[in-house]
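The following pair of complexes shares a single chain, chain A, combined with chain B in the former and chain C in the latter.
Up next is the complex of A and B:
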């Protein structure tokens, strides 16, 4: 460092006159910042709920209640998918134990509340701690291997957890009236707000991770284990990190799910079954395993599309398997033609549109003949 | 049991050493950043005042001219586009055939008309602006004394700002350096004790290497089941030399490299290395991902460039262990990460410049030509400020000119980065022109070690490459 370095910066900025025209650019740049995008997304989600409650008070249906509850559960599944995106898209590991970890989160928090009668925030932290411990234990055992074997081990774990929960015959049935969080009593609307906030925080943390040396190290590990090791990236450390993060996200989603639905029975619910893990995997693949927005879109297609928009279509309500058929075909198409998922499709679209605009400009300024 | 205990203790020692180093580096970065940011704030404040005065020195006419220039610019732009369209059309016609000359002429005529039209419109516009200018000037009368005064003020402010920056820099920088020194002296003491502990642990195990030796391989054996890939191989690599390892296909050259970088744990034998602190260490004590911290970096036979990310990010990956910020700081994007990222990015950009790859920095590595991927790998190896670079067949897949370029590059790296190079190569012209010493092996056994001339004259090497002449 020298002082001339700073002196050269004097009068090096843009002039005020130039700055005036740059105000639009600065807005554009701010919109490109992920954090502001997430905040806008959150504001939209919260506005939807606010509109719905406004309708309730005025006794008109602006937004249907079923729409809102479907949106809420889609957002909960999105949390799981984002964790899974970190695992599959960045670390190249496929786990089928997601459902088990959702179950752990839900049941631990419930147990904590029911048996020990602790504050809610403690219950959430307890569920997180348990999921971290189990994640680290399972990770140490199973992350020495890759690919299909890891999937099988995690699948086995999830089934063990499910049967364990069934053996306990745990039926989660909580009374929301007793729950006090940050000094306020919460009802279904406040739980929805909480879900949105938690989802936004998770999205922000994930995008930070992805754009930091940690995310790059994970990508390096996914692409070439030998190059990663040669440059000081410990496979075990980063695999464990991704795995534990994804279990944490799943456990948080489990806690939120329990709060949102209020009653879950381990023996009856499909939540803890293999189908959930597979659906999450499908959602991540449809959306594009490397893009947060893509993953959200994939989860929406998997969980939100039919209950939110197609509930009025008679044909679909009579044949609910049709929507599963549709998503199945979608997965096949995506894997065949766009391995990067919907995110890749959007990116290709963007490139094409910009090329089209360029062409149109050329045409406009030289259109004769 | 004692051995396991010892390696555990060694690991703890290394962790403490690394933590101490990281903390002192982090402190330095933060202190320097504090000085820089406070001075930058000063510069920004001064800049605002300076620009205010600069605008005041402009006459009303000048200010209006800037506005007018902006308004008229779009007409120039559209004329430019039209001209460009004519040019492309002209090129197209020239390429296709001469029959279309009529078409071309009409096109040219039409375009000329269009440009004329634009020019006419522009002239009208300019006239309008001129009228406005007159009106503007009539209301805004320049006060020459005010302008002169603001010019004087401007000059004085500039001088003052420079002086202030100088003074502030001196005091603040000195304070920061003092703080860093104090912090470093504390960590240095701890570091010295940690190093001493490590020394104690390592003592009696082996004879420390002499100063001018970097790497010593002694009686290295690597067996894969019944296959003896490397058997009793010994060689020393001196400081600052380019050492070549040659041999026919399947001689076990890459296996030797993998043993040095701990991808394979050798069956037996000793691998000693003089690390960055000039302390002799046993490489087999370290895990594969810790080797890079000791100062060894390598390239791969079939390039292992990460294809999903850009070239620049490929270089940043090599520096993963050189970030002092923790994962939590990454997750929350704290300022320390941004500062460090900037420092490391600068280094990566410098390296890309040196390799002549600046144009590719934002390209995805996917689909780049092989020669460039090889260069990226070498640049990545240099990112970690290594003491020893291991090049695994750097010339494989390159043509003759590229190979000649590579030979120059290898020598340059040795001289500029002050490191030792160990390379495996099949291309004999490269090996003979670049290497200072060569070790020839065949079926995992050493045939001969010496200068290129000695190796060329050696009978056993000739036999290994060309076969035994039976008479």
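Up next is the complex of A and C:
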């Protein structure tokens, strides 16, 4: 060994190979941090829209407008699903009032933006305020009625909301002209960016909540209310919190829905009906009720898969109900055999792959002692 | 028209809804008692039955009673399929899992109906009512009642009576009652709970098919989910009456249309109420349920740790 080589070995006492593995490790560690995962996810989502807009300007189709539109609505439904995952997966409260809560958001947006002409941020705050009131109300109901009964009561509540909204105004349309968003006049692209940002914020809040004392208290409450109470967890506090949060998420999604799609015919559309609540529940179940990425995947299967990727398949355009049939089949299969949903499947896959790799290595190099 | 005439005709007008709702509620209760789950697919299973009746009558010119028999058979088969093929083969199926499976069944059947039935593509079809809707029995100068709704009420009263007699007197009924109070112990005492549960699903399917066929006689079959309102009301009726007994939910199913009719009656004098009718009905129900969470006819629950 020459003296210079010796010096360098002394100074940083790591070979270039070690350095490389260390930097890979640090990248891996950073990728495991949820926040950076969400930011990467957001960048991808925004890049897709930017590509699509670029294509529009150059008059070529890089990404179809219908694809982006379907992606936007899938992201809106994802907000609802994440809120519902907090309710079902963590607090163990089965609610079927989701559709009504989305309706509240949509109508708040309609009245604020169209009738009263206030800025969109006021619309969001107003929707949040209304949904906090409703969430507290449902939370109190959930203290008195539990389990399957609660699902039916919230279903009744959703019917009340739907009929009430319908009695207030049968069809709502928003004509976004005077609203300024991100310094430019509002259009579908800017609303899409807003949706991505709101979704990321919600994901971040949720993942922090899950890993905090609040999330653990909710899990304890799910597993046994009596045991949780014995450990000093206030049922009232956490049930109210769970309902308020999930109602807020759904109402935010309703506001975004109105800003993005701009028109709902309340009596005709299925948006505020039982079907939506069931679909959201299905999405959460298929994805795995305890994992945010799983829930996103489930929502994608329920809402995004067919309009985004299968819109050109002739068989499916001729038989639009086939995808409903398929999702129903999938829900039944998942509940029968994989109660943890897609998230559990991925986990199982990971374990199997790592076992396979280990076996292959053992075959090649012999067993390590 | 006097106040009494108005009241009498609105109350009589709710007879068809009562007849349909009672059958649907009985079906939901039977399944809840034996399988410990709420069957969200009840509405769609019933819809399959009524679509089959419609299909046979429209395209194959089959007389109505044979059509209804076929519809009932379809309901029974689907009920048996859910219980025997799905519930028993699931590896991790618990109460909530069963509930979610029935929700999956809703999607599955909603997807299947347009493939199988040509009539599902037609928009807004009425199934022929059993007796023409314009035939009336005149009770007094201002009150008349459709013969059709009397027929419905008669059918539903007969069916409910038969089911209750079966529940109270037959061996199956004894089995259902013991399975309802404790499935494991019933099994240990030599009751074949599998057969009991499967029979309950079959009867629930049949009840559903009859109720949907009746409902389609005075309401549009606009799409495969046309029974959803009835189903939601049936659930609420069950909770209103209390799942603890069999007669409670049935009485609940009579009360809900009556509340609706009473609000409709008040709306004759206060016209603004008519837009808010459904809202008021559900608010009243919700308040009643919050007042008595165990149901109007249920016992007080004792919570054990």
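The criterion applied here is as follows: the second predicted complex is superposed on the first by the 336 of 369 C-alpha atoms of A that agree within 3 Å, B and C clash if a C-alpha of one lies under 4 Å from a C-alpha of the other, contacts with A are read in each partner's own complex, and residues count from 1 in each chain.
The definition used in the following text is that a contact is a pair of C-beta atoms (placed from the backbone, for glycine too) under 8 Å apart; a residue touches a chain by one contact, two chains touch by 3 or more.
Nothing here was measured: the structure is a model prediction, and the numbers come from that model.
**Q** For A:234 in the superposed arrangement: first (chain B), second (chain C), both or neither?
**A** In the superposition, A:234 contacts chain B only.
**Q** Of the partners chain B and chain C, which touch A:223 in the superposed model: first, second, both, neither?
**A** A:223 contacts chain B only, not chain C.
**Q** When the two structures are overlaid on chain A, which partner does A:335 contact: first (chain B), second (chain C), both, or neither?
**A** Only chain C; A:335 stays clear of chain B.
**Q** Touching A:355 in the superposition: chain B (first), chain C (second), both, neither?
**A** Touch status of A:355: no partner.
**Q** Between chain B (first) and chain C (second), which, if any, makes contact with A:30: first, second, both or neither?
**A** The answer is neither, since A:30 touches no partner chain.
**Q** In the superposed arrangement, which partner chain does A:94 touch: chain B (first), chain C (second), both, or neither?
**A** second
**Q** Under the stated touch criterion, which partner chain does A:205 make contact with: chain B (first), chain C (second), both, or neither?
**A** The first partner, chain B, only.
**Q** Return first, second, both or neither, reflecting whether A:137 touches chain B, chain C, both chains, or no partner chain.
**A** neither
**Q** With the two complexes superposed on chain A, say which partner A:213 touches: chain B (first), chain C (second), both, or neither.
**A** Only chain B is touched by A:213; chain C is not.
**Q** Quick check on my understanding: which residues of chain A belong to both its chain B contact set and its chain C contact set?
**A** Dual-contact residues (chain A): 226.
**Q** Within the complex, which stretch of chain B touches chain A?
**A** 32, 35-36, 39-40, 42-44, 46-47, 50-52, 54-55, 66, 70, 78, 81-82, 84-86, 88-89, 103, 106-107, 110-111, 114, 158, 161-162, 165-166, 169-170, 173, 261, 263, 287-293, 297-298, 300, 304-309, 313, 316-321, 323, 327, 330-333, 337, 341, 380, 384
**Q** Over in the complex, which chain C residues touch chain A? Could you list them?
**A** Interface residues on the chain C side: 37-38, 40, 86, 89-93, 95-97, 99-101, 103-115, 225, 228, 232, 235-236, 238-239, 275-276, 278-279, 282-283, 285-286, 289-290, 293, 305.
**Q** Under the stated contact criterion, what part of chain A meets chain C in this complex?
**A** 94, 141, 144-145, 148-149, 151-153, 155-157, 159-160, 163-164, 167, 226, 273-275, 278, 281-282, 285, 319, 321-332, 335-337, 339
**Q** For the complex, give me every residue of chain A touching chain B.
**A** For chain A paired with chain B, touching residues are 1-3, 6-7, 9-13, 15-17, 21, 205, 208-209, 211-217, 219-220, 222-224, 226-235, 241, 290, 361-362, 364-366, 368-369.
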